[in-house]
């Protein structure tokens, strides 16, 4: 795997606060945008000072290769993401990408895109790609509460069906995504599918467990603490399912077949 | 000396690039502005990240206590001053001030304000105060070259006479301030005066040397590496002329009688 | 929920774990217009020596990435002027008042303690700064040699019944050894760490920026190092530990408590924001509330490593 | 003005003083799309061990103020696969190629050198990573004990005529002692420093963030410490020194040269900007031009301290 990567001085061209903690940031990064595939990520350096020091990995959420932009969906959790959320049009960030392997095309249909929180970001990109290729898909998205719900209308344009759950029931189904998906799978009698899952580890674990023994191909997009994003630091190790060492989230992933890896706690 | 100091979240309300390296930045800091005296400074914290870590001392250049703002004249020399220069209206900095002792009123007249580079900043403030009190003053300002010349018109409104020199002669007198001042003093037959001097150390040294034995009171506004700005770190030591230890630039100064201190190299 | 922030370091009880670090808080009065000093666990004075010290020539300070180097050189008014000019203010405080002492030979330290005896009723504890060159023994820092740490602690122990805090230097292979030496010498409490040795160069002038070539490195940059040292010390000794190094916010305090410190000192942060020590106390209470911790002492040494 | 950036470290001549640090530059190929590797003084491989090592469990990395902690655990393909899979690319490079080796006992290191003998014509020097626990001697890091540094260096010295670089750990009271031990053991060059021991805590989970509790601290935060260590080492030994620690730009390189290093290694910076090593070479030339320095070697050890 040695696709081309680019370092670009990307200018913020739009920023929108979607809800109390999510921000959509559009960056002008023509070369990365043109080469990006769904499931890949970029590494964004926040500042030329030394704090925060390391670039922050962010999934590619949307892109337009012709117009040369890409977007990230940022949840504010710490200093780096906060700095990103406080950027304004005109600000510049050094961006490295596209990084990692994207999602591979589904062998079993339908494609079911299961996302929690900002984990929906790479799935929105994937949905738009599948839709272009007329691959039938459905989406199951979960959020903490109504205020965080986003991208639903957009997804309806791409997918045959879109289901939404919130932890507190303030929008859509009330409860956790794994339960919700299990119910949908049963009701609809889905016994073959390709699941693309991105979200918190407990959510991904439970879906992987639930899928075991069923006719599902399951792909997980995982997060790990990263420094470089391109295989040099060997920091982003994810334990292999077979116990034989580790794979690297940044170059072997971030998308893995659920059978390959063991998710931590 | 225990005048009141304030910590304010000051908003940038104006920024103007005066020349390739000087910036004028207006900050909304009503309490500091109201209490500021000419010769005092503020300590500006650039960021809430830890790099740059320490606040940067900047002389108060102008202020309007009624409107609640003050201005600094910033020369870009390193990371902190660069960050300041890149600020935009709306940005906020934590500012501590007013710090240090200001200039005392002249006992001998005229007041001669001798400034080099951004050393002119506290002298512009001083000139406006002297002018309000109808104290006669003259100014001798030096810059590297014409492109850096600033505040001359403004000073003409405050002072009886304003002389300008540039190192390369591209504006006004050609040469260094100490020579220029010596010539003016001789030509005008100034044998009593209060000199207020702020600029590079070699310039201040030479003026202090030149003044020795003459009928001048000489006040120097000195810079030192500072951490706190209010007497706690004991970092900003300036050697005493009598060899008996040190005075502190931040609380005993930054304005000192030239007889009190020994300037470094 | 009522949050109990109090901690005990042996017989030294603090209303909360936040102390200020020696040399970064003056004689406390300098901060009285920024901080309600009585809200702090306590204050530690700058190092007091037998005679007044003017300190080192400039530059004494330089900023480095996420920290600073200093070569203040123990500038202070000396013990006599301290008693005369600084104790009257300290006496008015209700929080714990800890006097830090330093010197160039054991006799110096002893002389300082002898003089302080006259005001000892207003002092809650002594902290012994051992990061000074022992002029009588070839100039090597007292604090780097366990034997000297032991001797010094024993000598001072015999002079006072007040809690004796021995402040350790981190510039050694094995800080546990130093801690044990202080423990054997009769220390009640250890504080760790003093500054690390650092250097910065003015490339244009081809000179070190500090007048003394190297200086003491402090600030957020040293926090991971300091946490590792406190952790190492925690494995080696049973005495209560005061954690020091790069503390700027409540979360930093909690990190130190978890690795085994019973209290902390806030240093360089006071220069960046003179009101920060009190803010940290406020934040600490909020953090405990958010995390459902009713007694902060329950966090001390509670790091799970398996 | 023609600028001569070349430096000599004994018999090891570099076109410029910029090397890459072990473990931060993979096997060099990872950076070939970002950097013209032949513009560098040389590259240093990650530590190669006798057998492949998967490395430590996650988290292996955490950011701290102006730096990072790592507990990679010497993950590498092992010497056999290194020779088979990584040497072919390295062989194509014109810059200096330095192979870093590590192990858990002297025999491990010896075994790695024995195997590398078959490709030694394509290797310009060896760098010996001593910051590993000596499993046969109670797990204490080889590099903290001058006796073990001496033994290891002597053992490896007998096996190769190539320049032998001994990489020192900074986590000791006296790095000069280690340098002397390596010098006596027959080292040609010293490199300093490896990472400092650091710790970071996940307060919510009450656990260390790294799987191994403590980890190696690197990045701009450690530069002042590393400069002080190189300075200390410079007073103690005559061997050429390679300075390492927090180098991100040309000015940092010049600081290390002035305190006495003859070359440097760029580490963590490669993660922040994969093209940085080559940029530093460019900047270095510009800085020399601006400062009127025609031969960069004239700066080595040129710090004025009086």
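A, B, C and D are the chain letters, set down in written order, and residue numbers restart from 1 in every chain.
By our rule, a contact is a pair of C-beta atoms (placed from the backbone, for glycine too) under 8 Å apart; a residue touches a chain by one contact, two chains touch by 3 or more.
These numbers come from a predicted model, not from an experiment.
*Asks:* Tell me, which chains sit next to both chain A and chain D?
*Replies:* Common contact partners of chain A and chain D, which must touch each of the two, are B, C.
*Asks:* What chain lies farthest away from chain B once each centre is taken as the mean of the Cα atoms?
*Replies:* A
*Asks:* Could you tell me the distance, in whole angstrom, between the mean C-alpha positions of chain C and chain D?
*Replies:* 34
*Asks:* Please compute the C-alpha centroid of chain A, do the same for chain B, then give the distance between them in whole Å.
*Replies:* A distance of 53 Å separates the two centres.
*Asks:* Give, as an integer number of Å, the spacing between the C-alpha centres of chain D and chain B.
*Replies:* 46
*Asks:* Which residues does chain A have that touch at least 2 chains other than itself?
*Replies:* 50-52
*Asks:* What residues in chain D touch two or more of the other chains?
*Replies:* 65-67, 220-221
*Asks:* Among line, ring, star, complete and other, which one matches the pattern of chain touches?
*Replies:* Chain contacts: complete, every pair touches.
*Asks:* Can you check the complex and tell me which residues of chain C touch chain D?
*Replies:* Per the touch definition, chain C meets chain D at residues 64-67, 69, 144, 171-173, 196-201, 203-208, 213-214, 217, 220-225, 227-228, 231, 246, 251, 254-255, 258-259, 287, 291, 299, 302-305.
*Asks:* Help me check something: in the complex, which residues belonging to chain A touch chain C?
*Replies:* Per the touch definition, chain A meets chain C at residues 50-51.
*Asks:* Can you list the chain B residues touching chain C in their complex?
*Replies:* So the residues of chain B in touch with chain C come to 2, 4-5, 7, 45, 50-55, 94, 96, 224-228, 230-239, 244-246, 264.
*Asks:* Flag every residue of chain C that touches chain A in the complex, lowest number first.
*Replies:* So the residues of chain C touching chain A come out as 65-66, 220.
*Asks:* Would you tell me which residues of chain C are touching chain B in their complex?
*Replies:* 23-26, 30-31, 33-34, 46, 54-63, 65-68, 70, 72, 75, 219-221, 248, 268, 270-275
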